[in-house]
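In the two assemblies presented below, chain A is common to both, partnered first by chain B and then by chain C.
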Partner chain A sequence: MTEFADLLVLGAGPAGAEAALAADHAGLRVVLLDEAPAAGGQVWRAPRTHAARTRSDADQTRGRDLRGRLDASGVQVRTGTQVWDAVPGFCLSCVSERGATRFQAPRLVLATGATERVRPFAGWTTPGVFGLAAATAMMKAEGRLAGRNIIVAGQGPLLIAVAAKACAMGVPPRAIVDLNGRGDWLSAVSGFAAAPGLLLTGLKWMARIVAARVPILHGADIVRALGDDTLDAVIVRDRASGQETRLAADTLYVGNGLTPADEIHRLLGAAQVADALRGGYRTLCDADRRSSVPGLYVAGDGAGVHGAFPSAAQGRIAGLAAAHDHGALSAADFARASRHARGQLKRLMRFADASCRLMQFPEDSLQDIRGDTVICRCEDVTVDQIRAASGDGACDLNQLKHFTRLGMGPCQGRMCALNAAGVLRRLAVDAGRDLRLTPRAPVRPVEMAQLIGTFAYSDIPVPKPAPL
Partner chain B sequence: MTFITHDLAVIGGGIHGASVALFAARAGMDVVLLDKGALAREASGTNAGTLTMQMTRAALIPYALKAHDMWVRAPEWLGHDVGVVACDGLSLAFTEAEEQLLAERAAARRTAGAPIRLVSSAEATRIEPGLNPSLRMASHCTIDGYANAYLTGVAYRRALLEAEVALREYTPVEGLDPTGTGFSVRTRTGVVAARQVVLTGGVWIEPMLAWLGIHLPIRTLVNQLSVTERTTPVMRTVVGIASGLLSLKQFPHGTVVIGGGWQGTGSRDTGHHTTTHESTVGNARLAVHAIPALRATRLVRSWTGFEAETADALPAVGPVPGVPGAWVSGSVHSGYTSAPYIAHCLVQAILGQVPDMPLFPIDRLLVQDMPAATDFTKNGTEH
Partner chain C sequence: MPETTPPNKDLSSGTITVRVNGRSLPCLPGQTVAGALLMAGFYQMRRSPNADAPRGAFCMVGACQECAIMIDGTIRRACQTEVHDGMEIRLEGAGMGGVAENSSTTATDAGGKTVESGIS
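On to the complex of A and B.
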């Protein structure tokens, strides 16, 4: 079954929801797709439990407001709908509990958000080690945080946000292990000042952490997680002195920034450039968010990490641009309707840059990862195996995948490809070589039962027999 | 700058080129192997790896039988692991029409030497308990199996280096000039000189032959495959259907590869190819119909690759007419299976010996006038 629309929007986070609302307002028939059970994306994720609903904060309020505006609009919201393939034109192949469906429209906004990065260390696959972003998702959806003796580690605003919220939930972390030094934060302050409201939120978080007397270890990272079936402790290393300290913990939340979830951008052939500040690669677009593929617009962290508010502004511009290109908005109306969002985006850029700098992945530190550290957790491929494959002649990621099975598991390289590329790049690989896996459908594993639905054997369009 | 003149330049490092280079070097020739990318990154590294008689063209069965035996003994002559597993193979019929097709095809392949016999549905489900019991009949071949095609590159790379083949990966060849005593192979980074050349470019043998003024039309098929996540054992044989449009097997690590020649889209000229929704879903339905337990798995990846086909769907393997010292090898149906043996025969011919089995000279396929290179991809039909 195929449903048609004027505009498809993939991702119902700040970027996608604003794009859908803007285009709907301009009179387009819009379908908004998201695999999550409700709109809101990562940052404005809807609460699922009573505990989460009663723990109201600014993000909850914004999420509720967003869902309210979507309900009141003409946007067809299809949540619980996973997109697994896309072709230009545009046709999106989806599965949901209702089975397989397809959506088609001449225009598409991709607002797929980001994926968290974790710098691998010995023992990072031990049960009890989670991502920082996973912690926020758990707190937002379920209103709780797993663990009693927790350590929060990594970098960027998410580190402080998770630590502060953990304090508010009555589980103050045993320590915050911050890759950045105090100086890094200080030099970010002038950028943060570009968004005084957000800076204030950040200061409140810090106040809460200080009040709870949580020690902050600056310029430090985790080098080892200890424990077999459960986490017992972590080894923290001071990056300057190299001194190592053992901290007991049953749960570690660790994250090293975000990277665009750009599988579909790549599948559709949108041009990209390497951009470490934006999470690895950024999808090229013009000021109206048009990508290199005609009819394809990109917004939010999926096209290059900027954070929630710039994402929303980009989404609004993309939705309006699609409406304009569709003929539903005159040039003057487009300019007028997008003016506020453009102003916001410009104002927020310094804030975004400051956050992104703190979150920027420590590429150089991939150099000194221990050889027995697992890089691809689905297929258990270690740094040593990558080095051996390189010795055997593997000099791009597709070859590395063939030689070692790295990236062949259910995460399809989402967790490991950038880290593996980082390790490989340091092994005398020609600097200009493209170190990415070829994008392929399905972009997420699909349940076979949902993919094939119910069918009769005689309905399978078996091609004509091969020659004998 | 001094030029080394190699005895043999092999252009295209798929399974055909890599095998020819390996056997020629083992026979004492000084060989250079060039590829535009890394070894076995096109069809030869991305194919389903089925080493089967039941999808092989009847005329190629004698070669495929010899090659199957070589694959099983790969540790002896290749020296490196490509994960070969020998097992039984079953081709299924679910309808009356398929029964007829199956009987006909089994008979032709049996005549060609494949140990295939027809079995009842009860016997088939004894051989393969995972089968859908609604099948009507099956053909059973005791010589079947599979390799792990993605290991082709690393295995051959090691073997070729051990055999002292000069490996030139990431070196696209741009042209070829006969010099009277041999050939100048033009690349972006310079000229490689060789006394003889073999063109083993897969679907690109058409543009390669055009360098020598020869027009051999090649149809570009875009074959599609999918793989499930690792799952508990659901099958232990290679399973196909009468029409040849299904190939299924479960690897020792638990993933199931689903194929059979369903078509994606792509173009040889851009080198780009991709899956289609219809083929992914259609092929998956056929797979689940054959092995119902697959319904509970998840599909993690689909991909495509180019396969070459000549006008008569038989191989293009032999001397290039009118160009002494130039050879071509490609467009072999189920070409992964037969490659090592076909390469063995071709190397015998290159060495001036009589091949153990006849080659497939291309004279029959040549088009006299030379229009722009044909690319059938756009309306790529299935095979």
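On to the complex of A and C.
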């Protein structure tokens, strides 16, 4: 079954939802797709349980407002829908509870969001070690946080947000292990001041952490997780002195920033450029969010990490640009309707840059990882195996995959590819080489049964045999 | 294994019961399988197929596939699957034996019938 529209929007977070709403308002038939059960993305994620619904915070309110506006609009929202292939034209192949479906439209906005990066360390596969974003997902969706003796570690505003929200839930972390030093935070303040409301929220988080007397270890990272079947303790290293400390914990939440979830951007051949500040690679686009592929627009963290509010502004611009290109909006109306979003985007840029700088992945630290550390979690491929493969001649990620099976598991390289690239790059690989896996469909693991669905053998077209 | 924190106060209002390796686990409406398991202290959910190392939920957003376990007879991501009454959950992933009492590659379901683990 194929559903047709004027515009497809992939991802119902701040960027995608705003793009869909703007294009719908301009009169386009819009289909908005997302794999989550409700719109909102990671940041404005919908609560699933009573406990989560009764918690009130700003993100909860913004999510409710967004879902309310979508409900009141003409946007066809298709949640619970996973896209596994995309071809120019644009046709998206999906699976959902309804089975295999296709969506087709001449224009497509990609607003696929970001994936969290975690710097690997010995024992990071031990049950009880979670991503930092996992904590926000638990708290926002279910109103609960797993763990009793928890440690939060990593970098960036999310670290402070998770720690403060854990305090509010009555589970103050035993420690915050912050890769950044106090100086890094101080130099970010002037950038944060570009968004005074958000800066104030951050200061409130800090006040809550201080009030709960949670120790903050600055300039430190996790080098080891201990425990047989589940986590018992972590080893924290002070980056300046090298001194290691053992902290008992049953649960660790650790995250090292974000990277664009850009599989479909790459599958469709959109031009990109390396941009470490934006999480790895940024998809090139003009001021109206048009990518290098005709009819393809990009917005939000999936095209380069900026954060929720700049993403929403980019989404609105992308949706309006699609409406304009479709002929539904005059140049003057496009300029008028997008002016506010463009102003917002410009104003928030310093805030976004300051946040991204604190979140920037510590690439250099990949060379200190112990040899027995697992890089590819699905296939249990270690740093030593990557080094051996490099010695045997593997010099890019596709070769590394052939040599070691790294990236061949069900996560499809989402957890390992960038870390493996970081390890490989330090092993005499020329600096300019593109160390990424070739994007291929299916971009999500899908069940054959779901793809095949129910069919009659008489429906299968059988071509005439070639004449003998 | 960590205890439930904070205590599941509205557990009494929950009407959903799932079975984990044959044993009953009360859940809250709307909870994901991973959420319910973690709150009950089930951190280890499967073992990795190559190194046979313990694994559990990691990213909680559907990307890492670490919590892909046997749910109602097929391998599903526990963090993306909502609980329903009578759901059968087995702490085992694709291609390897489960955790807890199951150390071989076959597991015994609640009815005593031996089933092959892996994708069915």
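What we mean here is this: the second predicted complex is superposed on the first by the 456 of 468 C-alpha atoms of A that agree within 3 Å, B and C clash if a C-alpha of one lies under 4 Å from a C-alpha of the other, contacts with A are read in each partner's own complex, and residues count from 1 in each chain.
Following the convention adopted for this analysis, contacts are C-beta pairs under 8 Å (C-beta built on N, C-alpha and C of every residue); 3 or more make two chains touch, one makes a residue touch a chain.
The structure displayed is predicted, hence computed values, not measured ones.
Asker: Applying the document's definition of touch, where does A:Glu447 land relative to chain B and chain C: first, second, both, or neither?
Answerer: In the superposition, A:Glu447 touches chain B and chain C alike.
Asker: Where does A:Val462 make contact in the superposed view: on chain B (first), on chain C (second), on both, or on neither?
Answerer: In the superposition, A:Val462 contacts chain B only.
Asker: First (chain B), second (chain C), both or neither: which does A:Met349 touch?
Answerer: The answer is neither, since A:Met349 touches no partner chain.
Asker: So in the superposed three-chain picture, is A:Ala168 touching just chain B, just chain C, both, or none of them (first/second/both/neither)?
Answerer: In the superposition, A:Ala168 touches no partner, neither chain B nor chain C.
Asker: Scan A:Pro410 for contacts with chain B and chain C and give back first, second, both or neither.
Answerer: both
Asker: With the two structures laid over each other on chain A, which partner does A:Ala388 touch: chain B (first), chain C (second), both, or neither?
Answerer: The answer is neither, since A:Ala388 touches no partner chain.
Asker: After superposition on the shared chain, which partner residues are touched by A:Ala194: those of chain B (first), chain C (second), both, or neither?
Answerer: Touch status of A:Ala194: no partner.
Asker: Taking the two structures together, which residues of chain A meet both chain B and chain C?
Answerer: In the superposed arrangement, which is not itself an observed complex, chain A uses residues 409-410, 445, 447 for both chain B and chain C.
Asker: Which residues of chain A touch chain B in the complex?
Answerer: 85, 87, 91, 93, 100, 102, 267, 389, 392-396, 398-399, 401-403, 405, 408-410, 412, 438, 440-442, 445-449, 451-452, 455, 457-458, 460-468
Asker: Over in the complex, which chain C residues touch chain A? Could you list them?
Answerer: 1-3, 5-6, 8, 10, 13, 28-32, 35, 38-39, 43-45, 48, 50-51, 53-66, 68, 74, 79-80, 82, 94, 99
Asker: Tell me, which parts of chain B touch chain A in their complex?
Answerer: Of all residues in chain B, those touching chain A are 38-39, 41, 45, 55, 57-58, 94-95, 101, 104-105, 108, 150-151, 153-154, 157-158, 169, 227-230, 241-245, 253, 255, 261-263, 274-278, 280-282, 284-286, 288-289, 294-303, 313, 333, 381-383.
Asker: How about chain A: which of its residues touch chain C in the complex?
Answerer: The touching residues are 35, 37, 42, 47-52, 115-116, 125-131, 133-134, 137-138, 141-142, 144-149, 169-171, 228-231, 250-251, 374, 377-380, 409-411, 414-415, 445, 447.
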